[in-house]
């Protein structure tokens, strides 16, 4: 087995975590020596681990937007199915749009949040090339959006809150997707989400890519994970189209204001969910705990609203969005 | 040009109208002679025409069920689009299921019935092999039923009555139809038709073939053209499956009770719409006039019902259907 | 009487011969699996919910067997057991329909192709209908439609969810147009259920085709299917005749329907009860 | 002021150069058709609603041209004309967004990519929005979203139906996330319209893609499209890059969408007004 490969995997290092790589190497040597001389190096191991954590903390305290893009897209980043597993009980996935197919890039189902029945859905990526392929990297086809809508309507019919997890580069721009009405599928979801009579919470967990993200993200409350992104186009796309220079993705990432902090300032999202030091993948359990707490905190007040108030709440939320001048 | 072919076409003769064929031949000879000797044969022509009509009347007064099947399926029988053209004004066809495709075997649209806005729909066959192919002989795919449902919902949203015209051998039993949920599409239509809040009138104009017919035929009032049929399976299918003898379609046609008269007796339909002597194709205009009168006569009382009453009316209608014994 | 009493009463006289017929038992003790061909000790097969322990093939279940599996505590009470079919059209094909009904009743020990009733799965109330393929191929005539509608109406009255186990070759052609009308009747009943916001779970079992698939079987808020069940609108032979080619392997099977978005889950028999309980609890809480 | 006054005011100073640019006019009098390449006398083109008399190619129309075609009796009154875009993100790509807005306003004579207003088609009241591809590719930013929402709210208040003529490359990326949010905002407005059972007719014109197609443009009770308009979610180039193959001819054109069930009718420009009137009368009576 290729040992260095394996090391990288367990360490789960992002490209910009190079400084930590060396520290990990040292740590491993210390451990190796320690196991030879039996426990004597324990204190030094502890110190090295602290140093790694401190370095990581420093790095993550000042991530650039394009570094946040890397975290948001990291192959080790927890997926929707993992979050669902950690946050909810008794999850039962429901498949299919009752029209054409079941889209593996979009999952939906019923579950319990503590003891309350809820409907959950989200884009599903994966942790390997194989999973990326099977899930189309979370890029849903029209069927995915139609499945989501079907299950949203189920939620509405039986008065269950909806929680959606957003993690997609965008809706899939394929031949079949166009033939089967990608635009129509997303558009209909937007209108129908606005009219839902049940509490609806959306969480951007990784990549919030354009209409493909928004297609299941019109919650009464929209939250973003600390190191997730949400944007109308990818930094790469923006660079090549607007900057006419594909290499300027970093500049585009800055200019577009796609980080959770930016979007909170713009009032496009309601809350940022903290991630562990080093990002969600460094402690998925703690991350899930944070998400669950945020869901519960936000769900309470929504549950007190009537059907009509829920629709009005959502309408007003999106109605207010936009910045413009008004002359005569 | 093949003259005999052309003759047949203008005469529009059904296979069992052989006796009339000879009379027509004679009539034509009389006319030919007449044109030579200028008008002298007029009286004889008139008499021959009367004789043809009388013969036709005799034949049609005692059609067997399997002859009625032939009339119902006759390639010259007026189609849904023709009826729509003759009965309504300002018809605008609406296309597509907003999902996958537009099904040419099913047409739907908006129109005026006198000055009232209505929604119309129906299976579309044709008058030639070419049209049969283009329209799949009125055998709709799931998309056809989904288009019909979409337009029914449009009618409901804007409170317009719905008129459906049924003329299909059945829903298409194809590979793609199964893949895309023929069963689901029909089933959903049945449930949704039951719940429509608007007046709904269905008219079996030709072949009412099984679930493919019922899929748009759950009106508050269901009418049958005099020489149309309505059945759970074709006589041929019944013969080969139940009688285990494909040649016994005539017996099956009798046994199954598929004529308008049978179905009125069974209380499955509400009314029979008279056809001209020789069938609808002999005078489409008159037939359309009869249909229009029947629609108007039945629509009036339905327009007086509330949304709730309309649903209850339909529920009770279908709830009552069925004949069984009840023991302890 | 409860379905259990009824089951017991009929059991002794019928089960031996009936099981033999349905399962191809070459004696009393051994059953040959349709799929893998292996011989299975009948007791083992029964203990395994009539699923082949070797290859997982799901044998057909009668309503009574299904009820026994789902309601171990005997909590299922049948309703409307007395409805029986009648040959109102004086229909006769290779056999008189009246005679066919009688023979089917005798042979199957059933009154018609569906058993309906009220019961509890754990603490969860449910109105349930279970079809019998062994009664004239599970075909839907007036009795199936009427019992279905009454079941749904009982559910609406009691505010119970509805669960239906389907298995059917389609409409009962011997009742001609009236069997077609049962599609309308059962679907309308489900419309009323939906209007009352009461859940409906449809469980599709092998086979479910024709008029039953094109009405209530496809209309679940959640559609479950047992593995490898044949599910479709048109029968495979009709399709082959229409398109003049062989059907691809797996066509119209549960897994095919899952892939094509028509069923929510393919559920092995051993997981079926748990899944139903979870779903019912989801709807309830 | 009415759109007609506004149109007249801007007309003289702008039309000559603008028309030249949009239509590739090789002088003042002759226009070369994009499709058939034939030279057309500009007056003939205008008299033919800017449709090539030779091959039927539909040239793009500005909002003002469209209004002039639809409301010959000057019955269209613009609302909210004063809304203008602002560079709230201090966004600058190859050019500062603020400067880009200014330049676009000067060049097009328009305030932004949509004109909204109330009018009458024959005797039929209508709230109408008309997009301008000539203003930054008809891209949707905060101004388009806000004017759209206000138009729909005015329609709800007055109980008018809504008609929208779309033409857009999609979201206005210079407004980043805020342009994405306009998809939510406009769709929510249409939800409210629908809740009030007021009809919405969407007319898709060349081109309508991206965020506009994936929001209000696809949501008509009736979707009409001008012939051969490019309509889709993803742009053809993006798709080609994704699937690494050439797109088939006709892909994402109006007729393709008709075939695939996404638009109700492909409607030549000469029939458009009549069709709208018929539809509005259907909804009204």
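First chain written, first letter: the chains are A, B, C and D, and each begins at residue 1.
Please note the rule applied: contacts are C-beta pairs under 8 Å (C-beta built on N, C-alpha and C of every residue); 3 or more make two chains touch, one makes a residue touch a chain.
These figures come from a predicted structure and were not determined experimentally.
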Contact clusters after notional removal of chain A: one piece
If a chain touches chain B and chain D alike, it appears here: A
Most widely separated chain from chain A, with each centre as the mean of CA atoms: B
Distance between chain centroids, defined by C-alpha means - chain C, chain D (Å): 54
Inter-centroid spacing, chain D versus chain A (mean Cα positions, whole Å): 34
Distance from the mean Cα position of chain C to that of chain A, given in whole angstrom: 42
Junction residues of chain A - those touching two or more other chains: 98-100, 180-181, 184, 188
Multi-partner residues of chain C (at least 2 other chains): 194, 260-262
Touch-based graph of the chains, sorted into line, ring, star, complete or other: other
Contact pairs between chains, per stated definition: A-B, A-C, A-D, B-C, B-D
Contact set on chain A toward chain B in their complex: 98-100, 146, 180-181, 184, 188
Residue ranges of chain C in contact with chain A within the complex: 194, 197, 199, 221-222, 258-265, 275, 278-279, 281-285
Touch list for chain C against partner chain B, complex: 82-86, 88-89, 91-94, 141-143, 145-146, 149, 171, 173-185, 187-192, 194-195, 209-211, 213-219, 231-234, 238-239, 242-243, 247, 251-252, 260-262
Parts of chain A lying in touch with chain C, wherever the complex brings them together: 90, 92-102, 110-112, 115-117, 143, 147, 154, 157-160
Chain D partner contacts - residues on chain A that touch it in the complex: 171-175, 177-184, 186-188, 190-192, 194-195, 210-211, 214-215, 218, 230-233, 238, 241-244, 255-258, 263, 266, 268, 314-315, 318-319, 321-328
